[in-house]
Amino acid sequence: MKTGTTTTRVLGIFALLITTWVVVSAFFLTPADVVQGDSVRIMYAHVPTAWIAYLAFVTTAVASGLSLVRKHRTLGFDRVAGASAEVGVLFMAMTLITGSLWGRLTWGTFWQWDPRLTTTLFLFVTYVGYLAIRRVDVDPVRRARRSSVIALLAVLEIPLVHFSVVLWRSLHQEASVLNTDGDVRLDDLMLFTLFSGVVAFTLIFVWLVVHRQRLAAMSDVERLVGLDVAITARRAESTVGGGGI
Amino acid sequence: MNAILAIARKDLRIEWRTRTLLARVIPFALLVLVLFAVALDSEPLLLRAAAGLVWLAMLFAAMLLVQRSFDVETADHALDSLMSFVSSPSKVFFGKALSMFVQLFALAVVLLGAAVVLYGARVDGDSVVLLVTVLITATIGLSVVGTLYGVVVANMSGRDSLLPLLALPVLAPLLIGAARATEAALGSDTIDLANGWAWVALLVSYAVVFGSAGAVAFAPLAQSDS
Amino acid sequence: MALGGFPALAGVDLVVRCGELVALRGANGTGKSTLLRLCAGLAPLTRGSAHVLGFDVARQRDVVRTMVGLLGHDNGLYADLTARENVEFVAQLVGAGTNDVESALDRLGIDSRVAAARAGALSAGQRRRTALAALVVRRARLWLLDEPHAGLDGQARAELDGILRDATRSGATVVYTTHELEVPGARIPRTITLSGGIVARDVESADPS
Amino acid sequence: MNAILAIARKDLRIEWRTRTLLARVIPFALLVLVLFAVALDSEPLLLRAAAGLVWLAMLFAAMLLVQRSFDVETADHALDSLMSFVSSPSKVFFGKALSMFVQLFALAVVLLGAAVVLYGARVDGDSVVLLVTVLITATIGLSVVGTLYGVVVANMSGRDSLLPLLALPVLAPLLIGAARATEAALGSDTIDLANGWAWVALLVSYAVVFGSAGAVAFAPLAQSDS
Amino acid sequence: MALGGFPALAGVDLVVRCGELVALRGANGTGKSTLLRLCAGLAPLTRGSAHVLGFDVARQRDVVRTMVGLLGHDNGLYADLTARENVEFVAQLVGAGTNDVESALDRLGIDSRVAAARAGALSAGQRRRTALAALVVRRARLWLLDEPHAGLDGQARAELDGILRDATRSGATVVYTTHELEVPGARIPRTITLSGGIVARDVESADPS
């Protein structure tokens, strides 16, 4: 069995092409920043991964909600939720890594205790916890229900991350230490490259989720086929008419 | 309503009989405050961080209380039957959250007192209202989130390690809000009273969101695995 | 229905009428406990459907739950409450009175010393008796008991049989599992034997007492 | 010796199967580091307190691991039989302490790495030897004390709350020693390398004292109550 | 001996000879479990003295412990290990071989599917069987079993009786408690009945098989 279809292959090729364009443009075509120099090029990876992680977590939440409501498709939606969260955690990790590398180049340290960074870390750990609870081996329906609730609560943290800077400033008298929004001034090509990056990462995200989800579906199907075999075997165990006790 | 009270009363009776809060959790929380002092090893630092550390100690202690509250239910699989006695699962949620609130509030008062003694925090007359409001709203938020995640992990093996992992990130905003508001009430120079009330508003909405989420989500969660 | 990929039950076709008293038998691991938990809405259904008292177990779980009294392998007692307090707590929640509590304790032979002891400090049989007392107070419409005889002494067993019979007389349905050997004197109206996850034998006794 | 290894292997096999350390305790410990930062809310402070905070997080995480280690033993009363299989109870002690050490050491390495990234701590080439020695000795001390107190509370109800209460005060010297020695290794200006080695000596004697105490005291402690 | 201030046993005077097979009976709460735990060195002795295989239980607890195999109301299994791994772990510690493990599993009717399942995912009877297999591997000199029949199906019960008889043949002493009714076919060499914390009856069967 394979998890690929023509559609996903086309998707994959598109993702590759656009990624190639982004890499070329990011490294060779776009100008270096006046203040930050070449390090600004990290932005083309950093910002899209953050946004795709958001997208992944929102997808997880939506799929979880559907999994709770649509009782007869619970497991299908739950698989999507799980796959999307896995990919989201991956992208969030990339955000953290690219961010701290960027920080190392611009601030001289890997990390600043700025509200956005801190809340990002919380978001990351929340979904690591979500994955941890999915790992606990229980009946799939029950797991779906439980993890759906957690996913729906966890997604509330995204606005917190996004607005943390504003929220913090309005409530907190100390100005935040460093403005992460950066003093980067984006020209048209930079903007175009940035959004190409977003498109490329979105395609990669979709591609990963589709495959991951199909893999899970296949093992579920295998389980169900196995179940039929097992049910037959189980019936054969019975000693009809004979003493079970 | 009756069921909610009966459940809360049952929890508090068990608490009273085993003295978990009094003999263990309160000393533990005080110990954590002392350990913070040991780890930081500097007095002006401590005074500056007092409010945050008090609430951090509250969070850790709350984890213990939540664990205890659900250990009692799952040790002999009582939760399964408990759910079958009430007309709506949300009653179990509110009953357990209520007893949790009572215990956590007592704990919060003690810890704040300890911060005054240990870290030299100061409470002024005019900010007492703010302080009490913060204590109540933050403790409500802590109780509902604790109860909610307590039931999430209730029937899982190794729940001791899962609970803090799941609950603490969600409680982080509460930690920040409660710490800043308490700082304001304690008369810090970095944050004033008005700002403190703004944080209280945040705490209130936090409690409302998770309170309603808990009431709704409790039923699908409270099912045992094996 | 399947647990962790293994089919615990492989197609049980079974109708129990209201007011019946049914004994469920079968070798270890044939799915008796799983069947009871399924009917109580505690175990998930992988295939097929189950109706209890006219309600669908999978869809109307909350309704089913309130009508079924399940005594599993565990007793569901709070170790730090006394035996009496445990039963009283159940009584409060289901709206039974103090008399009911006393008569249930009495019926199960839980004397005042035992009733006043922490449930955690009771012997295995005393705990089982307390759980049964709570079940009596509960007055469920469907009683599901998983090996209720295990750990009970001869006297308590006799008492239990009386209680189950009384329950069916007052209209409740009772299903229990057991590994006890057929006892000459006792008469059980209907015995169902599971084997390999299906019903292997279903014997209706000729003279239900 | 064989028995010690068999017991440690059993524990590690259960750990591997449930991934408690990897999927739960390590994320939890990282979370604690972040929460400290939130509560303190000041970067220079954090850098100054980094070593202390790392070890404090270790202590909290160790509580979870110890609890887990004995939950496994007491859930079905396996400890009673386990004690009857070995010729001397101290073998059970060393077996469980060994598996605890392996897990805690992995945790310590991860946490120190996190401190470097998050708190901006710096590790120099010439102090690496000190750092590794501190990690090993302090972790040994933590393992033996954790195992010893783990068995003390193993058969008590509500042990979640009792363990930290009993163990943390005993671990306070370890916290101080490990924190100061780590500070020295991280190149703080308040404490130099030589001083760091002096603290290591303290850690070694701590581990030796509690190791022998554990070996002797394990037998009378590992008796169930009910 | 007293538990929580209440005397669970009030002067049991009892001598069991080596190689004997003894059934301990009595109503719920008469102190059977307490007596077994006492002999295994797990319950404290308030008054009097107890000697097991010539050793003082209170003073030489460690010696006693290594010679006694106790199966209590709980099974002492690790839920996250498989049934086979549980038995293997015991075998490693007591120095038994792989053959012993296989033959013990076989004897208790634990087939390969059950042996490879997590102990936590087994049925009550399958768990009990696993615990018994571990006990067989253990080869203790004194076997103490607290209601070993509870939860076992008919076949396993018969097997258990055979195992206990074999143990006594190879020189071990076996004491077990039970609430089972006297089964016509089975012969138990000696039955001791406890009541109110003392020995009420001590019947030696005429023809020990």
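Letters A, B, C, D and E name the chains as they come in the text, with residue numbers starting at 1 for each one.
The rule is simple: a residue touches a chain if its C-beta (ideal position, glycine included) is under 8 Å from a C-beta of that chain, and two chains touch if they have at least 3 such contacts.
Please read these numbers as outputs of a predicted model, since none were measured by experiment.
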item	value
For subunit C and subunit D, chains touching each	A, B, E
Most distant chain from subunit A by Cα centroid	E
Inter-chain centre distance, subunit D versus subunit E - centres from mean C-alpha coordinates, in Å	38
Averaged-CA centre spacing for the pair subunit D and subunit A, given as whole angstrom	33
Approximate Å spacing (C-alpha centroids) for the pair subunit A, subunit E	54
In subunit A, residues with contacts to at least two other chains	122, 125, 128-129, 132, 139, 142, 243-245
Of all residues in subunit E, the ones touching two or more other chains	79-80, 121, 153-155
Per-residue multi-chain contacts in subunit D, two or more chains	18, 24, 27, 31, 34, 38, 41-42, 157
Parts of subunit C lying in touch with subunit A, wherever the complex brings them together	2-7, 10-11, 25-27, 30, 43-44, 46-47, 59, 179, 193-198, 200-201
Subunit D-touching residues of subunit C, taken from the complex the two chains share	79-80, 120-121
Complex contact set, residues of subunit A against subunit D	100, 109-113, 118, 121-122, 125, 128-129, 131-132, 135, 177
Residue numbers on subunit C that touch subunit E, as the complex places them	3-4, 6, 26-29, 33-34, 73, 113-114, 117-118, 121-126, 128-129, 147, 150-157, 179-181, 183
Interface residues, subunit D side, partner subunit E - complex	2-3, 6-7, 10, 13-14, 17-18, 72, 75-78, 80-89, 219, 223-224
